[in-house]
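Below, chain A partners chain B and then partners chain C, in two separate complexes.
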Partner chain A sequence: MVKERILSRANRDRLLDRLREEGLRVFGPRLTDGLVLFLEIQSASELAPDYRNSTRSIKDFFLPPQEPLLRYGVRKEGVEVQPPAGEEAGTVLFGVRPCDAAYLPIIDRVFSGEEKDQLYLSRREKTLIIGLSCETPEDTCFCTSLGYSPGGSQGCDLLLTPLGEDRFFVEFISERGEQVAVRFPELWQDASASDRERRRGVEAEAKASIQRRVDMKGIKEWLDGHFDDPLWEEISRRCLGCAACYYLCPTCHCFDIVDEGDMWGGTRRRIWDSCSFGHFTQMPAHQPRETQARRYRQRIMHKFKYYVDRFGIFACVGCGRCLKACPVGIDLTEILGIIRDRLSAAERK
Partner chain B sequence: MSEGMTHIYQPDLVRIEEIVEETPDIKTLRFNFVEEERARSFSFRAGQFCQLSVFGEGEATFCLSSSPTRRDFLECSLKRVGKVTQALHDREVGDIIGFRGPYGNWFPLEEMRGKNLIFVGGGIGLAPLRSLIWNCLDRRDEFLEVTILYGARSVADLVYKAELKEWESRSDVKLIKTVDPGGEDESWDGEVGFVPTVLERFSPSPQEAVLITCGPPIMIKFVLQAADKLGFSPDQVITTLEMKMKCGLGKCGRCNIGSVYVCKDGPVFTYRQILTLPPEF
Partner chain C sequence: MSQELQEKAKELLEKGEVEQIIGYGPGTRPGTARPVFLTLPEESPCLIWTPACVHNLVVYLTRKETRGRGKVAITAKGCDVRALFVLIQEKQLRREDVYVIGLSCQGVLSKEALAGGRWELSEETMADKCKICQVRTPLEYDFLVGEKVEPRPAGVDPYAARIEELESRSSEERWEFWRRELSRCIKCYACRQACPLCYCRRCITEKSVPQWIDKSAHLRGNLAWNLIRAFHLAGRCVGCGECERACPVNIPLMLLNQKMSREVAAQFGYVAGMDYTVEPALASFDPQDRQDFIH
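The block that comes next holds the complex of A and B.
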């Protein structure tokens, strides 16, 4: 099985048509009101011609902002509870940037395991991820600091890398990706050694253009020993607790369960919820995270310590959306940089 | 609508069979599964918790307060403190509510065998202990002395009053009941004083003993200190913690204390384990 091929732009368009003809719903980045959003497309012509990354991450597809968990109806004879209808059609996400695709194998660890979240996992199973390497990362991007790359393939089923001249270098990453190769043999051309060379060049160039860098070495260990530290107060003083960072972050996955309706009928929903909010941990007579400093500490700790303790990996892919979206300019890379500085200062002592 | 997708957040339906008004703001609901097959297959262990829901109002977390040895029903005791508990208090016998569980870990019953048991409860914190107390009393031969120290703000705030009487009358149980200073009335024949103070006054021996405590956070804090003073090692002291929870399954991300998820790794912890946690509870 050949893992690499060449796809012309015209054949890329055909590929999307073919997938649609198989009954799959194809979503791709579209420019709408100045935002780049993954929306359903009927043809490749609707794709945003030029985009660096989508405004929102692809987590919306796997953990939607809200989703029904059940519908209930209360009748004289009793209560009727109906689970949500399963989504029937498979989905294709086309043009996913490598950082976004890389979030999937990280967060799969929460939703699989002993108690499987069937809602999340069934969407994972039914979604084909076609990644697209970045050529021009944004100045907020810092994926390389976390060990990812603008040409990385983690989480992708297929990865396309533009080679110029309307050609893409295609890698079939997963079994599901290989099935795509087999289903549409007429679309691919053989890749040459120089194509391979060029593909590496595109990635290397994009990588080199990323200026924002954090040395992550020792960050987790510093967090291990600094639950109590003046840093938390210092960095969170500006935080408004608006949770914009949460909403746009691909790896933020905390949620709430709420009922909507009256005593006769309605819907129980899972909705996004964030550690930025006081109500997140508010109990009737007790609030363990009374201040924004404590809530902000939870955010950093969860991503860079607790997640590592539980799942052995940082819960961050360096997409940079949080620093771009923060209304008061809180910059995660700056915070990680401050921690690094303290580490270096401690090492010098 | 298609068949529908069953998932881990889907509740079982349970029917309320009995309601006991424990105090002005605490009720105990006895309930059972609507589906008989589920009732037969269901089992849990003392210390585990569940999510109860009133459809249209939402879900909330409660410990199971009945004993796993009494298999004909389940019970939760709930204090009216918010939207969901208010709605649960408004239910009547025969009403159907949602149930998910059992979740979390449990009291280390096997490690408690052959030991003196000292239960120290405050307020509604007696609920999880009650599950364990009846569990132990139903296997009474396996344990040495059983001492129960229970206190509340006032006489009116004591829960499980009938059971307190029963424990008091048993020769194989030592019950010490107390109310906070000012909470006594004319007929009160128990102690007067805060639970940790009364614990120190009675100073149970740590020899071959396990101390299991639950109550308001502030009470737990001082009971742990008192136990330390009495010479109990942190391994001999067990408590159960409360944090806000939604899923109960380690997914929704809010009940953690440091890297520990109370819903998965708890709610039952030894004092030694608690000493390793960051002070965020």
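The block that comes next holds the complex of A and C.
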């Protein structure tokens, strides 16, 4: 099985048509209301011609902002419970940036651990991820600091890398990706050694253009020893306590479960929730995280310590959405840099 | 102007007139500013005052993190001072609790201009709210940075045209407009958290016994949330635009707020945040109040 091919731009458009003809719903980045969002497309012409990354992450497709878990009704005979309507056809996400795709293998660990989250897993199962390498990362991007790359293929089924205007270098990453190669043999052309060389060049150039860098070495170890530290108050002082960063973040995955309805029936839903909110850990007798500093600490700890403790990996892909969305200019890379500086100071002592 | 500001800040902290200053400093992204919190005179060189200083810092005055740390000074534009006035009217603060470093203002940058790297203030890059501003020199201050600015000559009101256009549509079309806009809401509550007047200790969305409004970010829940917030701000909103600026999904919240403000002005002749010695329109009753809208 050849793992690398060339796809012309015209054939890329055909690929999307073929996938749709198979009954799959194809979503791609579209420009709407000043945002770039993954919306369903009927043809490649609807794709945002030039975008750096989508405003919202592809998390929306796997853990949507709200989803029904069950419907209930109270009848004379008793309580009637119905499962949610099953998910419809399979989905294709086209044009996913490598940082977003890389979020999937990280968060799979939560949803496919001891407790299997069937809603999440069935969507994973039915979704084909066609990645698109970044050529021009934004000033907020820092994927390389986390070990990812603008041309990385983690989480992708296929990865396309633009070679100029009219051609893409295609890599078939997963088994599901290889099936795509087999299903549409007429679309691909052979890749030459110079194509391969160019593909590497595109990635290297994009990588080099990323200015925002954090040295992650030792961050986790510093966090291990500094649950109580004046730093938390310092860095969270400007935090307003909204969830813009949390909800745009691909890896933030906390949720709440609510019942909506009346005494005769309703819907139980899973909805996004955020440790930034004052009531997130509210209990009848006690609020253990009563200040924004404690709540902000939780965000950092969850991503860079607890997740590493449990799964051996940082829960961050460096997409930079948090620092772009923050209404008061909080910069995660600056904070990690401050931690890094404390560490160096401690090492020097 | 930044220098004048820095010197004043230094003096206030040195003399012990205030114990903390909330102001603007440079952000980490090029061309941006962000809130900074000072307690030491030697920190004053970090203060700036530029058209990128878009935030309404009054939001921090009611926070636990600010209260109880001694007297506070705040740098405030005209619109920010109006929000402060409402807080005083609503007895959240006393005037003497805050030292106001007023910022004389020609306008700040729009969200789009800031994001697009257009940092020079012009008619194109100016935030819409500044185009109808009547308080370029703050109504009240303890110290003013910069010279007093003349009121802006009457020009195009960017909201009036949009409100008028929307109102000319049928109710089905208006519903379609808001259905589309509010469907995007993800309930991150950036609008609420950035708003200096959303200071409720417990927001209605957090009241779960009983659950008054759906917490879910579906259309019904989004509609309930955004409309309740608009109503709660009617007659209180000063049009600082922070909710709309903070919204990560570009919902035109100022259209709602401006419509409500204009309605209150028309019905009660009241404009919020212009005088803290008067009773707020919707917190007082006057037999002379118009009643013809009650059917």
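By definition in this document, the second predicted complex is superposed on the first by the 348 of 349 C-alpha atoms of A that agree within 3 Å, B and C clash if a C-alpha of one lies under 4 Å from a C-alpha of the other, contacts with A are read in each partner's own complex, and residues count from 1 in each chain.
Here is the rule we use: a residue touches a chain if its C-beta (ideal position, glycine included) is under 8 Å from a C-beta of that chain, and two chains touch if they have at least 3 such contacts.
Keep in mind that what you see is a predicted model, and the values were worked out from it rather than measured.
**Q** One more residue to check, A:167. First (chain B), second (chain C), both or neither?
**A** neither
**Q** Pick one for A:82: touches chain B only (first), chain C only (second), both, or neither.
**A** First partner only.
**Q** In the superposed arrangement, does A:110 touch chain B (first), chain C (second), both or neither?
**A** first
**Q** Counting touched residues of chain A, say whether chain B or chain C comes out ahead.
**A** Of chain B and chain C, the partner in contact with more residues of chain A is B.
**Q** Taking the superposition as given, does A:329 touch the first partner, chain B, the second, chain C, both, or neither?
**A** second
**Q** Between chain B (first) and chain C (second), which, if any, makes contact with A:12: first, second, both or neither?
**A** neither
**Q** Given the touch rule stated above, what does A:258 touch, chain B (first), chain C (second), both, or neither?
**A** Both partners, chain B and chain C.
**Q** Is there a shared patch on chain A that both chain B and chain C touch, and which residues make it up?
**A** Common interface on chain A, chain B vs chain C: 256, 258-259.
**Q** For the complex, give me every residue of chain A touching chain B.
**A** By the definition above, chain A touches chain B via 69-70, 72, 74, 78-79, 81-86, 88, 110-111, 113, 115-119, 122, 227-228, 253-259, 261-264, 266, 268, 270, 273, 275, 280-286, 288-289, 294, 298, 301-302, 305-306, 309-310.
**Q** Taking the touch rule as given, give the residues of chain B at its contact with chain A in the complex, in rising order.
**A** Counting only chain B, the residues touching chain A are 1-11, 13, 34, 53, 55-59, 79, 81-82, 96, 98, 216-217, 242-244, 246-247, 249-254, 256-259, 278-281.
**Q** Under the touch definition given earlier, write down the residues of chain A that touch chain C in their complex.
**A** 33-35, 55-56, 65-66, 139-140, 233, 237-238, 240-244, 246-248, 256, 258-260, 269, 271-272, 274, 277-279, 291-293, 323, 325, 327-331, 333-334
**Q** In their shared complex, at which residues does chain C touch chain A?
**A** For this pair, the touching residues of chain C are 27-30, 32-37, 55, 59, 63-65, 112, 181, 184, 186-190, 192-194, 202, 206, 211, 214-218, 221, 242, 245-246, 248-250.
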